[in-house]
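For reference, the structures are reproduced in the following blocks.
Two complexes are shown next, each including subunit A; its partner changes from subunit B in the first to subunit C in the second.
Take a look at the complex of A and B:
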């Protein structure tokens, strides 16, 4: 095994890692926002809107992320959507994550006790402030474990962006291994790196869960 | 403009390639069920070393992206002297990756059974082996069926990644077809439709099983 290549390619790999983290954060944040909007629209929207959103959810969840990226990146230009690899990847991640986040929010909203919402209506709270003061705070707390879990899944999906040539970590590692012929070492280190990353994120996530849900445990 | 003709013409070659999508995900889940059962048993055993091995197995396979696992396996096998066709390497990788998730599904299903049942069985004098084969396992397997179908849906989608190591399944075939027709939008949308079709059928099966097994 030849380890000096990691020294030589260090800066390139670091740049790739930065793009991986950026893609992950972008996809998680915007996927979550889009998912939240979808969940709210499904709760309050009229029937045709709800059907359309349900179809969107089924279609995105029923197709592989890689195929979605191909449609967006290679198919997009045919309908005038000309994107570079990175923006296409970011848009793809956001779209891919949104239905999963929407489903998480939907079931979290369902878990909010109905009596609380009825009580708020009874004392004359406006629907917007019910969402802001009751539905969102209670729903978000109970959604937290599932949100952390799915954002960890998204970390792993970012490597698929390398296939449409987004210069993230996986892409840089493949480039390094084709230039140096060190395929096995490069992929082994990448695997160990991702293992450590995912373990780290899930530990931080568990801490966060415990901190945010502490008031719930103390009360009961 | 969108050519509806190319869209429909793509279905022929893509359906033909769907054999490999089904083969990789089907054999993948079969292998995953076997290895997953072993890992689950190791995790539940009293032997600490086995428990630790199962924990590392699950944590590693769930922490590393499948694409990385695929390439790792693809380059690792020849180095350790195992020369198998790419398709076998793909099936093995998908199966090993699935085993981590399946062992967790089974652990969850076994944990979900009321403890009183096995206690009652032991109290009336059943020996522990019979408690496992007659009380715990039959119920746990039935209970886990919807989750296993869900896992199969994930595998059908994940099988698109084996296109990277050159297996001519739906995704790879659509890449080739898009390159010859110069109509990537229509071809990839057709590929998406095929995946959607397979997964909607599986989701229907999952809902049926969930309905049937709900007590």
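Take a look at the complex of A and C:
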């Protein structure tokens, strides 16, 4: 083991990690928003819309992320979509995550007892209010564990962005490896960074879960 | 005295696929009176009750609240716009077997929600009225509790408060005590009796024959999607002529005898 090379490559790796975290945050947040919109449109939309979205879900879930990235990055220019590596990567992550998030929200919405929706309808609440005040808060609670779980999976999908030259952690690690032949050290550091990130996310997730279910659990 | 609605049900039919849940139901609910719907499980009582606020969509016939058709623009016509339906539902309170309180809100928030979102009251006023409604059902001290911290009987009383805070002119009860432990039934029935005494029009699906006997102005007996008889409680419960009612009451008495 030869650790002194990190004096030289450390700042570069840190910068790469920052980009990794940024890509992950971006993909998670916007993937979740897109997924939520898809789930809502599937619940309330007319049939053609639902079919179209179902097709979208099947296609994205049925193909490897790498292929989607290639299509977006190399195929995009053919239809006039010319993106730099980073924006292409961010867009790719968002699209890739959205169907999984959509499915999580879909099943979470189904878990909201129908009676609670009916109670709102019975007093004359408008559907928009019902979504905002009943369906979303209760759906989010039951979705949270699965949301945290998938966003952890997404952290590790960010390494694929290195293939289209997004300068995230994997990219920097590979560069360092080929320049120094210190493959083991470089990849160990990568593993360490990811482990720390995943650990952090799961801890925050658990805290959040305890907090938002505080009032929902029966204590007699 | 509250302003009370009447309900007219005429030739109402309801199908689930090939299964006919309601067969040509006719029923008049006079204003300010309590009507109890009784009968065996699966007889269509709850379905009929849910047709009154159109939570259940009847297929043909008419349901009129104060002469106004609910659910459809004209009998057999197109469905009424959602906005119109919401407006009609504002004055129809409903209480469910499973309470259906919103678990992420306190008792007070549960009651205030409709006042804010539907009646458009300012938060402070809605909160005050919520407290008032909760006091009325004897839960003034529980307003900060979430449903998970309330007993079944208390939850159901909050649900009643949620409905009456909207100042309805008609209250629908769908087996309001069936999910409760026996010792908690009384507190809910007492609140319902008070409401009945104030002249609220009430339609109550129930298995509480005591309540039907003492509080109802009329009792309707249903079986297999048909409305077999409507009459004064004593006539239905004590001198039933129809063998189907006799059979039902016999089973009821046998189960409750010890």
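Everything that follows uses one rule, which is that the second predicted complex is superposed on the first by the 217 of 220 C-alpha atoms of A that agree within 3 Å, B and C clash if a C-alpha of one lies under 4 Å from a C-alpha of the other, contacts with A are read in each partner's own complex, and residues count from 1 in each chain.
Assume a residue touches a chain if its C-beta (ideal position, glycine included) is under 8 Å from a C-beta of that chain, and two chains touch if they have at least 3 such contacts.
On a predicted model such as this, the values are computed, not experimentally measured, just so you know.
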item	value
Combined model on subunit A where subunit B meets subunit C, clash or fit	fit
Partner chain(s) touched by A:125 [first = subunit B, second = subunit C, both, neither]	second
Subunit B versus subunit C as contact partner of A:113, first or second or both or neither	second
First, second, both or neither for A:68, with subunit B first and subunit C second	first
Subunit B versus subunit C, judged by how many residues of subunit A each one touches	B
From subunit A, separation angle of subunit B and subunit C (C-alpha centres, steps of 10 degrees)	100
Touching partner for A:216 - first (subunit B), second (subunit C), both, neither	second
First, second, both or neither for A:11, with subunit B first and subunit C second	neither
Which superposed partner A:199 touches (first subunit B, second subunit C, both, neither)	first
Touched partner set for A:87, first subunit B, second subunit C, both or neither	neither
Distance in angstrom between the closest Cα atoms of subunit C and subunit B, superposition on A	25
Common ground on subunit A, meaning residues reached by subunit C in one complex and by subunit B in the other	none
List of subunit A residues in touch with subunit B within their complex	58-59, 61-68, 70-71, 74-76, 78-79, 156-157, 159-160, 162-163, 170, 174, 183-184, 187-188, 190-191, 194-199
Footprint of subunit A on subunit B - complex, ascending	2, 59-60, 62-69, 71-72, 75-76, 79, 153, 156-161, 163-164, 171, 174-175, 178, 183-186, 188-189, 191-192, 195-196, 199-200, 203
Contact set on subunit A toward subunit C in their complex	113, 115-116, 118-127, 129, 133-134, 137-138, 141, 215-219
Contact footprint of subunit A on subunit C as seen in their complex	53, 55, 82, 86-90, 92-94, 96, 98, 100-104, 113-114, 117-118, 146, 148-149, 159, 162-163, 166
